[in-house]
Amino acid sequence: MAATPVVVNPKGSLWSRLPLVKQLAQSVGLQRGMLVAGLVLVALFLLTAALAPLLAPYGFAQLRDESGRFGSQQPPSAEHLFGTTVSGYDVLSRTIWGAQTAVLVIVVAVTMSLIIGVLLGVFSGYFGGTLDRILVVVCDAIYAFPSLLLAIVMSIVISGGQSSLLGGIMSAAISITVVFIPQYFRVVRAETVRIKAEAFVESAKVIGASNMRIMFRHVLRNATRTLPLILTLNASEAILTLAGLGFVGFGIEPTSAAEWGYDLNRSIADVSSGIWWTALYPGLAIVLVVLGITLVGESLNDLADPRLRTRHRAIASPAAAATANEVDELEKPE
Amino acid sequence: MTTTEISPSAPLDGTTTERVKGGGNLGRYILVRLLLIIPTVFILVTMVFILMRLIGDPITASLGGRLSPDQLEERKEAAGYNRPIWVQYVEYIGQVFTGNFGTTISDNRPVSEVLLTYGGATAELVFYSLIVAFVVGIPLGLLAAYLRDRWQDASLRVFAILCYATPVFFSGLLLKLVFSVWLGWLPVSGRASTRTELDLLLLDNPTGIYLIDAFRTGDMDNVWDVLAHAVLPAIALGLLTAGVFLRLVRTNVIGTLGREYIDSARSRGVGELRLVRKHAYKPALIPIITVIGLQIALLLGGAVLTETTFEWKGLGFILVEYLSSRDFVAVQGIVALLAVIVAVSNFIVDIIAALIDPRVRY
Amino acid sequence: MSRLAKGEQAARIEDLEVTFATDSGDVRAVDGVSLHVAAGEVLAVVGESGSGKTVTAKTILGLLPETATTSGAVFIGQENIVQVSGERLRQLRGTSVAMVFQEPSTALNPVFTVGWQIAEGLRAHGNYSNGELREKSIDILRKVGIPDPEHRVDHYPHQFSGGQKQRIVIAMALVLDPELIVADEPTTALDVTVQAEILDLLRRLRDEFNAGILLITHNMGVVADLADRVAVMYQGEVVEQATATELFANPQNDYTKRLLAAVPYIGAGREAARARAVERDKVNAEPVVVARGLEIVYPGRFGRGGFRAVAGVDFEIGPREVLGLVGESGSGKTTIGRAIGGLTRVTGGSLMVLGTEFNGAKESDIRPLRKDIGFVFQDPATSFNPLLTIAEAIAEPLVVHSEAANPDDARARVNQLLEAVQLPIGFGDRFPHELSGGQRQRASLARALALRPKLLIADEPTSALDVSVQARVLELFAELQHEFGFAALFISHDLAVVDMLADRIAVLYKGELVEEGTGEQVLGAPQHPYTKRLLASLPVPDPIEQGKRREELRLLREAP
């Protein structure tokens, strides 16, 4: 049952074939609620990042305006809705600008790790042999290693710790990339090994197709079906890693870009003296973004898995998937 | 990994029914697994070495700019960083396997002594957090699977996502703000109050595990003090892992509930609650345990952040200190030790999974 | 013993309707079905996939998913299952009605001992001490024929063979002494010799335990062997109900007649085989495949010895000749097919295919031969890339061997092939999941024949298909073989299917070839005891004839 792939109906209209639209239509009840909530949060996040220059009242590194310095640790007021930090930045502005930094890092990190991880995974899984074994051991070792520590070490290697906007974002992104490559590698490799044993790949083999043809025409696209799910889950992990890096002081300089983790690190001392606004807003931003992305990812995951998917009229029964075979059988033509 | 080698006509129904657990024994299985972690540790330590050396030698990284070039050369010569890199590498590997991780640059202490001093604190924190994670995560995961797709399940899932969507340092700060600063119920930071720490220092051979040491002082006030300090960090770090456990238990138990043997038990009149708690739980536990092994890494990464947030003087706290003073010998040592801990705990988890699964033949 | 007297009603279904909510709208799976089963009686519900027979069975135990809506009534004793409370339903499950599942390896929980699992049923319905539970478990295991039950009660499912597992599943159903046992395809996953033993056990349940049995099956031979009465289901409805003797002797409904006519029987292909043999004798050419002392060992994992799947086998396949390879699971028949197709390495002896030695051959040595070898796989569901259309998949060999530049270029040839396998040309634009199993298997034949191969390997090509679909695919295979003139290795576990198509039959047993000859020789006058047993185990679709064969099988088993 698990081996029968779910294929988007190629005859459906273009609209219904767009990613997410089909899943949204498929979802029911609470599952749909979770998916919609996630999508709304993600949309808000992306809009905030795109419109940061318009939304933010001040620049991320701005310390003064016409009326003078903002002042340090000012409580929320009309001028500074979320107050100011210990260094005298406007908390609201930094929280909004932080979305932009986060998007940039996620996009760069996820894209790089995706491309490298997938290619390595397909080649390694398809050809096997010594190289495959070495890659598996290395990736397993990296995968088992605390990702934050690895990211810290990588960030030291790349930038010596701290740097400018572009340098900072790139070094954070590359550090996160290195952490994620093993994840894509493991998933794609495992899928490749499974698909390699499937009858359709064997039939390509007995036809006499070359290895490259089998790999790219038959294996690659089938092996990467589950990636959108991992991608969303990784995006949220990327934000957490970025924030973690910032929190231990290996993120991006406050004058180069706004970064939520860094701001939280600066607020540790504030909290002890009861100043809550410097910690609350950047922290909430992280939580909401990660929550949104994770909700989308988990909903997609559930919808793709027949065992976890709720269908209409289904209310609360552990038995729901018991006769999925039977239903599948009925759906067959002829 | 080996499914490709198994022929579709492999003997499924042979007359060889005596396939009793055998062909080896548990001791041999453990030994083989133990040997298998050596390459993992080796790779990790090598990786750390290579990465740390890509930025140059530790002396320049730490003291560059503060000493004259001549003085730097002298220090490098003395520490042996002028020798070929592979000589240093072989020496380093040899030292690691004998427990010698070098000497820190910033405060000139043997790294192994640093590890011993601060390791206990981290172990204690991780232990408390695991208790929180198990007590919260597993029962709630079972409950969510039992009530799947009802509102309770949805709320539990959102709770789980919130648990791991919240960075531990943020949840830590919030907990501190509410319970320490505003309500004043619990201490703000540290592992114990000054008075208790003094008491503990007076002990002969302190273990470094404060709870044990506090009991040894014989003063219950000390014990309460130590426990009060542990509550917030344990909850902050424990909830992170609890979220992961909850989700894992829920997904795996629901997956197992779809299996035919559950319908088979149901068809004989076994009740729904028992199906979840007994029939689905144990088969689901095997993949859960394997994944829990991988969570050790998450937990250690989280420990670094938690310790910084609560000024909990463990390996993570000291690691961040050494990082900011650019003392990469110390960093290298601590990171290598954490790698070893991860490898060893994965090994223990493998053994536990093998003991639970009757299909594993040693 | 059942609480009911023989002939008393155990279950009654009245006007049952079941509808499933699916993504593509509601589907009516069961449409107005009425049935009844008495104690000490076997009612067989026969039908092909999608007929609603399994849904009917699951309704009796209230095991349908929440996506199903049910109307009508299912009476167990005086109670209507469709309407009772959840708790009452739980109490009835096991004690009044129990179920035997199709696949014994998935119906047993892998991490609990069989004794514990048997006891779970007892625990759900009463208070027993641990000693009592153990005693009852051992007792029931003994009754279903598990040797050494005192010791085996503590074993885990993976320590039993497939047939033994099914006995344990039956024991679990039996231990609560239900009035009705619903057996859903209880022998489909088993080899034919094991099937015969399980059918004997079910017969004993009826006769000695006086249980009513509702037997769900697609196999007419099984029906003839075991059923007292038969209900034929088609598209959610019962189209005919009669006693077994009556139904086989004098079917009334058209669908029943078609179904019975589609069942392959031994001796059906003799005539055609003789005709082909005469034709073949005119041409005298080199054999296409020659195996001498062929040995294939699968490597073991480190430290453990390998598994010898094929142990010294000799055979030949001449041009235009169909060799039928028969054997049960683990006999090595699929391994031999894969070796000839260049998918599995030959580790010993000699295997010459189209003049090339495969023992020690590299992939580059085999590749030039690929265009002369076609392969049809067992499972039509997985043998097509789900992302390519049928036309693209059939064009694949043409493109790979440069007979066409791209799939569009090959379309004319693809259309010819689709016509040859009797599929509408428009099907070329469909995706594999939009075709039924039989249609996919035709497309698979078209792909295998695209390059007009000299040799075709067909590995259980019809075992995943319904019997009426199977009959049409087999017919098509015979026609195509005549037209294209390829030599073929036809692998199957079903003697009757092989006999329909093969010129010669080879019987494999545990990696060794125990008997070989024409269908007349091997199946008409078998020499080897294994062939005899295999033949006698195959149930024939005729209750009276099957009764006699059962007696023969019993004698064969008792013979030393």
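Quick notes on this one:
For clarity, chains are labelled A, B and C in written order, and residue numbers in each chain start from 1.
Note that a contact is a pair of C-beta atoms (placed from the backbone, for glycine too) under 8 Å apart; a residue touches a chain by one contact, two chains touch by 3 or more.
Computed from a prediction, not measured in an experiment: that's the story for all the values here.
Highest inter-chain contact count (C-beta pairs) belongs to A-B. Ranked by separation of Cα centres from chain A, the top chain is C. Between the Cα centres of chain A and chain B there is a gap of 23 Å. Mean C-alpha position of chain B lies 49 Å from that of chain C. Rounded to a whole number, the gap between the C-alpha centres of chain A and chain C is 45 angstrom.
Across the assembly, chain C contributes residues 63, 378 that each touch 2 or more other chains.
Among the residues of chain B, those in touch with two or more other chains are 262-263, 266. For chain A, the set of residues that touch two or more other chains comprises 314-316, 319-322, 324. Residues 20-24, 27, 29, 49-50, 54-55, 58, 63-69, 341-343, 367, 370-371, 373-375, 377-379, 381-388, 396-397, 400-401, 431, 433-439, 444, 447 of chain C are the ones that touch chain A when the two sit in their complex.
Remark: chain C residues 61, 63, 90-95, 98-99, 101, 103, 106-112, 117, 120-121, 124-125, 155-156, 158-164, 169, 172-173, 176, 190-191, 194, 298-299, 301, 304, 307, 309, 328-335, 338, 344, 378 touch chain B in the complex.
Taken together, the chain B residues at the contact with chain A in this complex read 1, 3-4, 39-40, 43-44, 47-48, 51-52, 54-55, 61, 145-151, 153-154, 157-158, 161-162, 164-167, 169-170, 173-174, 176-177, 180-182, 188-189, 247, 251, 254-255, 257-258, 262-263, 266, 272, 275-276, 294, 296-298, 300-302, 304-305, 308-309, 320, 323-324, 326, 328, 331, 335, 338-339, 342-343, 346.
By the touch criterion stated above, chain A contacts chain C in their complex at residues 3-5, 7, 10, 26, 198-200, 202-210, 213, 217-218, 221-222, 311-317, 319-324, 326-327, 329-334. Looking at the complex, you find that chain A touches chain B at residues 29-31, 33-34, 137-138, 140-149, 152-154, 156-157, 160-161, 193-194, 196-197, 236, 240, 243-244, 247-250, 261, 264-265, 267-268, 271-274, 276, 279-280, 283, 286-287, 290-291, 294-295, 298, 307-308, 310, 314-316, 318-322, 324.
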